[in-house]
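Chain lettering (A, B and C) follows the sequence in which the chains are written, and residue indices restart at 1 in each chain.
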């Protein structure tokens, strides 16, 4: 189910700010890849190029090739189609405030015109089970609003919502940075299980988290990707001194 | 180390705290007082004239007693309904354009400026404009032009509603957190669908408040109706003919030499305020129930 | 530079380990000196310093544990702390070996000296030199110097084997010299152990500085050969060790 992601000569700008320079890498399918780096290094910009959210900003543009599986996402499909195949979970949980839990999970499908009620019920249940939230909310699906859950539950709800449209890739932009340690652990365990079905890219400030969940890690600095290797190598014996300085806390 | 200056400062702080609280309460009272006084006066002067006749009969002919303002109540409802039909969709639509699709464009800036100017146009000028556009011109194949009519009154009121609805819609939409929009976009929802189904829905309580504000404002307007709806002493709900309205009727009776009619003017004023409050509350109640249920 | 307190803690850890290393090196030098001069007062010094070395082992391990738990060290810092913990253990064993040698010297003093066909001073000098070099490599983070120590261990092993042969022959042919021969044999064994520990320290320095695990090259080679042979014949290897490559996280 998960496909590999290949990035070739990706460059991105915000206005005149050249925020990503010549990014090249390959992220294997059914693996989790972590992206680390100091604030402003471009990792969030990079991830938003993978589902063409980058261009929703009027002054943003990008050049280069991003291939998800066999599909070149910039020339081969419209942004809206891409975003159905590449799901995204954001830094702060953002369930739709006016919708119930059920409607939140089903939002991606309903808003795209899907209306088979019975099938929707199944999809909602499956997505909530996949994001380890089903047991906690199964009695309140339509009664409680999405915003009435705790922070950790809200983030899992957002994950369920992203999974409901059946993407192949799941992008996670610092998904646990607003959560307490217990919720963080739950979500990390979840990522482990999700790897078998999806390809996951996770941006994180927390290096221990990258070490815990990802097979591969990329280190970004000032818009460039300095090093990309197995997580084991990056955290025990990185090749580039800048990577080592960052992860040992000597700067940044 | 002596604590005396410390204690003195603490005492001053407490006193200041209480003084400011008192001032805030006084200010609130000063705000509510006129409203309370008006309401009390209306009740005092007008409640005695409220009877079944008031709500069911049309005005009595000159010099006779009895009669009521039933036609004016109904007429106001018709006018306001028409005004809302014009003002709310156009206002919300332009508000959505300003907030979602036209951000930063010259057209949006022009629209916003126009709305602000329109807001400041005196209501009598609005009435004169409606007169000039609808009541005055004679075009034979267009039946609603060329005479006083409820339609022209509704148009005048409707145009007055537009700026308020438009600007408050824009403000409320801008207050929807960007992350909610992003969440919808991230799901592969097209931009227009995301705007309507998510952003507008999230902002809907505020948008409805804006509509209510506009509604309450035009409900009491008299001047625009002077040259358009004109007023009517008989039953009429025909859009193509002059129609009675509460503010017009109150104005007419307040200037009347007959004591009976003056008393009815007071009653009319009381009824007008009560009806406005009731309709706003009703809309609030209905829409808040709907939102909680989470209909999508 | 950030994490100043952490950097300082790493420096302190290194300092303390060097103090302990100094004690261990000194203990060996003294033990060899005691052998040469049969001076029992030096044996007492060795016994006392062994106690100090043991205490420092515990303190350094505690400090290293604290750093691991509190500071989440990564990469070179993590490798450094791991090396410190291992070198710590080797230094304590060096102290033990020194004490063992000085105990043997006391015994020899009691039973009287004889000439034996082993060149203990030469072996001692080589072992002590290996210890000194390995500690030098640690102080300077010099992986090349550390690698040069690895080959010296073979020479010491060879000397030990020759000593064993010679002393066994002595015990067979001149049975009454058995006590002295046994003492000499045990001293040789202790010296061989010291050389091993110096080699371990050198391997740990290489791991810290370069991230290379260079231990047990012969075992690694044998396991690889066995796996290759089994693969070529198609049979599953019976007691193959897991491959020594970076495993993908499960």
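Note that a residue touches a chain if its C-beta (ideal position, glycine included) is under 8 Å from a C-beta of that chain, and two chains touch if they have at least 3 such contacts.
These numbers come from a predicted model, not from an experiment.
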Can you tell me, using the touch rule above, whether these chains form a line, ring, star, complete graph or other shape? line
Pair of chains joined by more contacts [C-beta pairs], A-C or A-B: A-B
Taking each chain's centre as the average of its Cα atoms, which is closest to the average over all protein Cα atoms shown? A
With chain centres defined as C-alpha means, what is the inter-centre distance between subunit B and subunit C in Å? 91
Go ahead and note the Å separation of the Cα centroids belonging to subunit A and subunit C. 49
Sites on subunit B at which at least two other chains make contact: none
Contact residues on subunit A for subunit C in the complex? 207-208, 214-215, 230-233, 235-238, 244, 247-252
Under the stated contact criterion, what part of subunit C meets subunit A in this complex? 1-3, 6-7, 72-79, 210-211, 246-249
Touching residues on subunit A, where the partner in the complex is subunit B: 51, 53, 56, 58, 80-85, 87-88, 90, 92, 94-100, 103, 107-108, 110-112, 142, 145, 158, 161-162, 165
Spell out the part of subunit B that touches subunit A in their complex, as residue ranges. 104, 177, 179-180, 182-190, 193-194, 197-198, 201-202, 204, 291-292, 294, 296
